[in-house]
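Heads up, the next two complexes both have subunit A, just with different partners, subunit B and then subunit C.
Moving on, here comes the complex of A and B:
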């Protein structure tokens, strides 16, 4: 084995390796053009004053970072983004696992149930959010109408009009859209758990809860990690839901980092500030990704 | 090596095949067509099919052009334009709020329309509509101009308030049996029109002659305090006003559930759409007692972009669009009184709503023409919302807004 590697090294790149690099080249090139270059450019942009068309003017150093870090607004928005992400991902994971468990049980109509659960995710997100905006409308909305006619609430809240309910409404819509993906992924993972393990557990007298704790959960753990990582990244950057439902309002109370970046860049043309905020986003998401990767690969090695 | 050659050859073939995607021209039956791009704002009432017909008719009249007539949501127009301008790929022309013009000129993004649009078209535009003149040069072609006014549901009240104080009184009287006295959108919208009706009625100005923000003047505080009273004490405005922009709030009026609404040129179109069993009446937005009437006038223009790919073609399109055959029905759908002299004489523009707008024009006041208005407007909306939510008093909120606006404009 050692000799083979040595021989390959001596000969330089083998034909297979060359082919692999050639096949990878277009993808790497596209990634450099569309991912690496923009990331570097955004960082550079944050160090310079710009005109309103984002053309670089004077070097400003790290002054914008100092200004942002000393601003209460920045911390409020970052804090809200973290609460938003953590709460939404936790809810999506919890509901996703429960629904996957339900869909994994054999019963009549299971296929139809699976189809129905995937619909919210298969629909266009902006259209789903727009529909929810009307559902939550105080005057014409289905939700308040239902609450009133069923007598559950005579004076239901103005969902998108108060800071707390607006944030919760946005959160709910994001969770509603995200659950099917999580459920589907968990369902696929659960189906990959060998049936024999459940049979062995049953013979050992394990309850259903114990089977879930000691068979299902370890069996889907790797997928759980990946799915929650993906969901964290998507949720942290979920622009559609908040922009369409509340546009960050009322009084900025539903702004998260991604909507704040949009506001500063495309609405107010403050490219330097928007770039610095994007760098914050990049750092936060990279940190989360690195932690997840370490946990994931450590598990793989074990 | 052979495999690498195959991969490289495939990449080259794919690249060559994709080249036509990036070409501006397109071939039709062998003839090269050049593309003309125009972004039209999605005004309430606009008939998208009719807009499609305009594009088809233009292509039939000028076979050398293919017309890309894109309807863009008003709320997204400013952001889409700035993004496109930053990327160097703006449309050839678009509708803009005239208040954005200084900002776009500051970016050196627009060109003088007279270089591409015929003199005959300009000669047919009412001189009073030429608001977009900067240092004597017309930089935006008037597209729509209309003052705001008040619409009244006569099945709920027939009283026409002469002052804001009277409006409050009549709105309280009309608020009963699940009906609202007044529609007041409080959600975040492109502009802060719903504050400015009261602000101008109190004699307010956003900036002093030195450019300092004075929205926290006595007039500003009076206006916002009055709005808070209407909403929170008198409770005459629709429930959930804070979550609704005008597109969500005004259907409540047209659904027959409110007595008064301050509105614009689309009122007739929206009213007719509803087939309502009640009659609508138009009146002026009243001033506060002791003030002069000062309704808001909103003007929109067409800007031609320096980086546009087909300025000759867009000039031809604008000449075509401004013919009565196309512009007059479009004006009618949008509800705006025509900016063209010939169309304004047509019988369909001699209705009570147009009469109310013509009367409002006499005292109307426009948006401030300043740079950084988009952010200033957003800050002031946030301030009004903070006051609605009870986080700050009207005075505190507007003091905060004035300081933030000055800070933002100084950056």
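Moving on, here comes the complex of A and C:
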């Protein structure tokens, strides 16, 4: 009996691969048609002049890339995307670590607090951003009213009315959405750090600050890396916040690459330019993803 | 020494509690605004200067909004898109996840790597070509276009999660079933899936939430208002010249509630799944 199972398995090796391909086929097919092909197609589209319906007309070569690279607007948007990503991820990490630290203290009600902290991430993000539009409303919004009555700000700005504060508002809403994930991941990581390490540090007379620096931080370093890289991708790709809050305005001053791509394509029907800009995002994201997978697989091997 | 340590612990707890309260006010601010404002009448919500608590709370908005906008239709559309995404996604992800977790075949690493890489792309950068494909195959303005797009974008992560669940099931159980005469597919169906059910629920809820929250694909593909999900319906409402915000906020509350509850069920598994299994609880 054991023998027959063994030989069946040996003979079945080719069959096993066949079965595997059959099982993978639907998923791979769908991915190829609706993910891989569109990515290639965007590149092709960037090489042709198109009409308003995105139909391919004349071959244009790499001319659009040349004109984009020599245009100041492109660099402004790319620069803003990078500032956006870097600032937002830094803020998410900082807030995330603070909230995780606070939730790691054993006080009454911290389980409820933990649940409440998740809400911005758990609720429907497009709808949350719409809520912010009302909160930030100049006349009726409760944010400015609260800032005034608490004395935090005597003359709060019209947040979405001018470039600098509009960008800050978008940045804050994106940060606000991203904080809970960071906090939860860091909290889980902190709780996985063996308690004995803290006890040993305590015996050695280490202060709380020293314990954080020499026990907590090294303990969560690996996860900190993965979480910040993931967060960088999500932040760079965040379309909803800016589109819903300002739609890139006023006067394009809050556009990042992702919203700029959408505006160029579906609003201004400049398909070739939008495609080329998409290719820029591929290049930037691929660079990040190579770093990510390297880090990830190195960790796997460990 | 013991006494000072105790005082230290108490101060730390008080400090943590106070800090929690401050941070909670910041993090829940828009929801607090929603919770008080949805009980206000138009006169109260459009009062200058504004104030926090309604003077004569009313639940009228929760009834009025169904007539101001076709909210029931938006709910139905969101449900169709979310459930459709779950069906398609689960249908293709279970076999694929099983193959990667359990079978040996050439090219496995490449496929896994390719799945991982697709996670890096924003829907926005493929939506241009997707739009053209969707027009070409006459799927424009259909639920199916949005369902497929959402399923494609959730599939890599779901396969990744399922791979983890399936790998965690001892091989012996499956072998025993096969000795008892089950085929591989039969063993997957009757043995593996029931054991992996809790994990499966997580991926199903994740996919449902993803479909429910879809914005970009519905915005781009669904041109007639009859197919708009809640996200787009409410967005179009906000974009109107005169918005009845008190009604919108009550609609927002009703739209958020279902996903919020679902999210709390799977939150822990989701976090560990997203951190690539780096966090185990």
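Note that in this section the second predicted complex is superposed on the first by the 254 of 302 C-alpha atoms of A that agree within 3 Å, B and C clash if a C-alpha of one lies under 4 Å from a C-alpha of the other, contacts with A are read in each partner's own complex, and residues count from 1 in each chain.
We take it that a contact is a pair of C-beta atoms (placed from the backbone, for glycine too) under 8 Å apart; a residue touches a chain by one contact, two chains touch by 3 or more.
Treat the numbers as computed from the prediction; the structure is a model and nothing was measured.
Aligning the two structures on subunit A places subunit B and subunit C in a clash. Legend: residue contacts after superposition of the two complexes on their common chain; A:285 is shown touching subunit C, with no touch to subunit B.
Of the two partner chains placed by superposition, only subunit C is touched by A:110; subunit B is not.
In the superposition on chain A, A:60 makes contact with neither subunit B nor subunit C. By the touch criterion defined above, A:139 reaches both subunit B and subunit C. Judged by the touch definition given at the top, the superposed model places A:19 against both subunit B and subunit C. In the superposed model, A:227 makes contact with subunit C only, not with subunit B. In the superposition on chain A, A:206 makes contact with neither subunit B nor subunit C. More residues of subunit A are in touch with C than with the other of subunit B and subunit C.
By the touch criterion defined above, A:197 lies against neither subunit B nor subunit C after alignment on the C-alpha atoms of chain A. When both complexes are overlaid on chain A, the residue A:45 reaches subunit C alone and has no touch with subunit B.
Across the two superposed structures, the residue set of subunit A contacted by subunit B and also by subunit C is 19, 22-23, 26, 54, 133, 139-140, 262, 266. Subunit A makes touch with subunit C in their complex at residues 5, 13, 16-17, 19-24, 26-28, 30-31, 33-35, 37-39, 41-42, 45, 54, 95, 98-99, 102-103, 105-110, 113, 115-128, 130-135, 139-143, 145-146, 176, 179-181, 184-185, 188-189, 191-192, 222-223, 226-227, 230, 233, 236-237, 239-240, 244, 258-259, 261-262, 265-266, 271, 274-275, 278, 281-282, 285-286, 288-289, 292-293, 296, 299.
Across the complex, subunit B meets subunit A through its residues 1, 3-4, 7-8, 11, 78-79, 82-83, 85-86, 103, 106-107, 109, 186-188, 238-244, 248, 251-252, 257, 372, 374-375, 378, 381-382, 385-386, 388-389, 391, 408, 411. Here subunit A touches subunit B in the complex through residues 15, 18-19, 22-23, 26, 51-54, 133, 136-140, 158-163, 166, 246-252, 262-263, 266-270, going by the rule given at the top. Contact residues on subunit C toward subunit A in their complex (touch as defined above): 12-13, 16-17, 19-20, 23-24, 27-31, 33-34, 36-37, 45-52, 91-93, 95-96, 98-100, 103-106, 108, 111, 113-133, 148-149, 151-153, 155-156, 159, 179, 184, 212-213, 215-216, 220, 230-231, 234-235, 238, 245, 248-249, 252, 255-256, 259-260, 263-264, 267, 271-272, 274-276, 278-281.
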